[in-house]
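Structure below; questions to follow.
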Amino acid sequence: MELGMIGLGRMGGNMAQRLIKSGHRVVGFDPSTERVKEMVRLGVIGAASISELIDKLVSPRAIWCMVPSGQPTEDTVHELGGLLSPGDTIIDGGNSNYKDSIRRAGNLAEKGISFLDAGTSGGIWGLDEGYSLMVGGDADAYRRIEPVFRSLAPSSEKGVGYVGPSGAGHFVKMVHNGIEYGLMEAYAEGFELLRAKADFNLDLTQIAGIWRYGSVVRSWLLDLVELALKEDPGLKNIRAFVEDSGEGKWTVQESLDLDVPLPVIVAALQVRFRSRQDQPFGNKLLVALRNKFGGHRIKTE
Amino acid sequence: MELGMIGLGRMGGNMAQRLIKSGHRVVGFDPSTERVKEMVRLGVIGAASISELIDKLVSPRAIWCMVPSGQPTEDTVHELGGLLSPGDTIIDGGNSNYKDSIRRAGNLAEKGISFLDAGTSGGIWGLDEGYSLMVGGDADAYRRIEPVFRSLAPSSEKGVGYVGPSGAGHFVKMVHNGIEYGLMEAYAEGFELLRAKADFNLDLTQIAGIWRYGSVVRSWLLDLVELALKEDPGLKNIRAFVEDSGEGKWTVQESLDLDVPLPVIVAALQVRFRSRQDQPFGNKLLVALRNKFGGHRIKTE
Amino acid sequence: MELGMIGLGRMGGNMAQRLIKSGHRVVGFDPSTERVKEMVRLGVIGAASISELIDKLVSPRAIWCMVPSGQPTEDTVHELGGLLSPGDTIIDGGNSNYKDSIRRAGNLAEKGISFLDAGTSGGIWGLDEGYSLMVGGDADAYRRIEPVFRSLAPSSEKGVGYVGPSGAGHFVKMVHNGIEYGLMEAYAEGFELLRAKADFNLDLTQIAGIWRYGSVVRSWLLDLVELALKEDPGLKNIRAFVEDSGEGKWTVQESLDLDVPLPVIVAALQVRFRSRQDQPFGNKLLVALRNKFGGHRIKTE
Amino acid sequence: MELGMIGLGRMGGNMAQRLIKSGHRVVGFDPSTERVKEMVRLGVIGAASISELIDKLVSPRAIWCMVPSGQPTEDTVHELGGLLSPGDTIIDGGNSNYKDSIRRAGNLAEKGISFLDAGTSGGIWGLDEGYSLMVGGDADAYRRIEPVFRSLAPSSEKGVGYVGPSGAGHFVKMVHNGIEYGLMEAYAEGFELLRAKADFNLDLTQIAGIWRYGSVVRSWLLDLVELALKEDPGLKNIRAFVEDSGEGKWTVQESLDLDVPLPVIVAALQVRFRSRQDQPFGNKLLVALRNKFGGHRIKTE
């Protein structure tokens, strides 16, 4: 079938390629004309604007937005809402907050436009390995576009599914990322402890490799641990400054709304906050208090 | 080659079978004569006692202990120490504390007996999929017995390795299990949150299935999540009472000795402690305090 | 001076009494006419409605709202906004979210009405011991009403202050309550551990009493711990079901907005969530997973 | 009555002074002869050695050890055990591990010497405000020496008590310090958050002062917070490097032995571990993983 793809960056560009390989027709737009040109060379039908992209698609259209979450997605969906026709479908494959997706779906429904929130996992490996897709929204629209989802997925039967009403797709993706924070931190702590046991002088790369086969902790993330350690066993060229991209926070906020304790996911998020602090004031206050009640010495900076 | 196997339970029995399939000669002993008979039917050469097992092996012997950690392992290794000859090797494949392994290796070395601490992961799946093996101790002994390790592993090149001096194998296995606690809890929290979002009425089994392919959180544990949910989607027949088997605690103790924060692994362990409490006194004290300062009402049992 | 008091419940009624004892004139209104009558007996000048309360005060008026946060406060402030005159002041002494206070102050400022957000701590003990007051908003209004604040405080010089612009008072109170969660849980855990050490058979009431004098952990909350344990040493008549009233959650939400790790406060909040769960699904999943990979037995409910 | 005091440092010296003020006769020894001389000027009867100290006391003797925990206490108690007579009593007022105290009491009991483990809180303020004392061991010995305990306490009736058999005193003190970790961290987090809310530009010293009177979070530690902030509002001269002195770790170890979750106390301890790490390897691994799966950029050091 055919699909419009807005956003031809690392994610959108790779998805377009994966679709073309499966025989789909992809019309693509990106704010960077240079990027559009590159993708045209790879088989994408280029568009110089969103309206041109729409013109190059036959009704009922399906348009995938793969732009940064927040304002860029808001703007793109809004513009599309003004240009598309009843029966058309917008798919948001980005990491939008599920509440925004519910709102957007409601607004578009008033115009007869369908909206699918497609939680998408797989990162830069998706081009070759396929994307895990958890899709919420209009069930009829999902069925109509199913061939696209199945081509993006690791296989036509696996790693893809319609999970519920509008918002459900991005909600499931949000929880997915919360879990991801916990998994990553569990490995990080384990390797930290292995390294701290200096008298064993353990080869962390070797251990990651051993665990990848037959062990209870084998996983795709562990495959990446070995990959990273092979390149730089001491991780010397990396600064311990860990970003977060929102879904972890949203997961914690949701746990507050639903009164559900998530001790591991919250701890994993807070480790990242802490990694970005230098000389926390609260820690200094602990030092000051120890000095005040016990006369313990203070180290000055 | 040939190997003595002491302990023919779920783990030891399966390992014996896997070795026999690879052409090794396995002499086996178990306190249960019934169990020995069953294993003889599967190709094991039975022994009625540890000393008989030793007699049926040719020097330099290799004897694998697969008995519960703690006193049973202590007793078995001690008995073997009194019966074996210089040049023989004992392998402890159980979940022993690495400090015990260092001590045992030291005692045995005085008698010229080698000791290997072989951290073993894979559980009841190891028979078919192979075991992940992280081995510490005498490097020469490791090389001598390497064919056995390679046959137990998922493949002759993967999932197995010599990781360092005595204790290193069980230390690495301990950390492995600490990571396992964190990974399991991360998934548990995610599915808890998916379920708490009642308005989406999500199909958790389906979601586990989707995530298994192409997603960042795919792993062997996630495969098991799907398996468990397929059998009992609401987990209705399970009591939320989570045991721990020691390695998680040892990991946390080690973090105290090495001054390494492990927020996720500690949290995961504490979740299990909490699951075994009913009406915690500390929680009651919170209720009493809220009543005392704010007049908040107390629910009686 | 004189003050209008809206809400004559446990908090508002006590505050009215404390003000009357200091010689202030208090006009009071409460939805319950019975409650108004009781307070009239204690010296309050009763009003049958908010508009009557306003009529009984001389410009520039000062009206203290001591009603539940959320919708009741929203409604009361809104009604007052329609009835008061420029130069009048509304004080919100409840546990409102500071963002609501900023919004309300902005709306009222357009009408020339001042708004003070007065974080108030002290609970049911405030009548006798005074209230700790952290006030944000219009600095001129604060100075005008300062005699009221100083009479409510434990002493005219202590436990009271103007802390910053609109919202600052309720923000500081929110953090106060976040700290309170952490403090309470620290004591709860300590007493839980004392009790778990069964072989010492410790007298927790005695220990609370000892610690109250001279120790590093002495505090007002500890005074209440002793009080509660004296009444019911085993806390047998209390169900371990711990409510939270919002400020703890807001503190955690704020930490997410500001990227500040608050491991203790978050943990304390999650303990409360957990106390309200029965047979958590996530815990069941851990049991199921242990069974799947290790054959560990499942307890059925 | 009379008491021998071994160790005349900050703690022991102050205790000796407090006892002398109450009319007790104190014979003191310290490895530093200079320190002994100073204390003689303050009324202590000096001894040049432990045996001289013993000679200057009348049977049944009571000797208080106030030396660092661990080896120094072990050595001192051992030496005393060889020199004292049946009926004499040793009091260990230091922060010894309660298991050591149980062992020491057992060894001394064989010689007819009593042993009391006296958990002591109050730090450098104890001289003026008195010490909180939680005492375990031989109940008869406690009664014999009670006048000394009552003089050290804040008042003869308060802040002091016999809490149980040998080890109970140091166990209770250990839990006290565990709670202390949690309380300190709760305040530290609160003030960290207040400071992070930069747009309110809050005066933390003022807020600490307000909270000290009438609020739910008032405590002695909060008094010290205000004191510390008054001296250095931005804590600029303090390095955020927080030591721990053992009791926090022991509390966590005990929770592992007793299967009791202590989320707040553990978190508080781990904050201190973290404060002493620079560029944690685990954090770097998170950065590496994010780069591997999502192409997120790595900051180099």
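Per-chain residue numbering starts at 1, and chain names A, B, C and D are given in the order in which the chains are listed.
Keep in mind that, in the parts below, a residue touches a chain if its C-beta (ideal position, glycine included) is under 8 Å from a C-beta of that chain, and two chains touch if they have at least 3 such contacts.
Model, not experiment: these values are computed from the prediction.
Within the list B-C, C-D or A-B, A-D finds its counterpart interface, over half of the contact pairs alike by residue number, in B-C. Taking B-D and B-C together, the chain pair joined by more C-beta contacts is B-C.
With centres taken as mean Cα positions, chain B sits 33 Å from chain A.
Remark: chain B and chain D have CA centroids separated by 39 Å (rounded to whole angstrom).
Between the Cα centres of chain B and chain C there is a gap of 48 Å. Shared interface positions of chain D, defined as residues touching 2 or more other chains, are 123, 185, 187, 189, 192, 216, 221, 255, 260, 262-263, 267, 270-271, 274, 293. The touching residues of chain B, counted against chain C in their complex, run 10, 123-125, 184-185, 187-189, 191-192, 195, 221, 224-225, 227-229, 232, 235, 237-243, 263, 271-272, 274-275, 279-296, 298-301.
The touching residues of chain A, when paired with chain C in their complex, are 216, 249, 252-253, 255-256, 259-263, 266-267, 269-271, 273-274, 276-277, 293.
Against chain D, the residues of chain C that register as touching in their complex are 121-123, 126, 129-134, 136, 153-155, 158-161, 163-165, 167-168, 171-172, 175-183, 185-187, 189-190, 192-194, 196-197, 200-203, 206-207, 209-222, 251, 254-255, 258, 260, 262-265, 267-268, 270-271.
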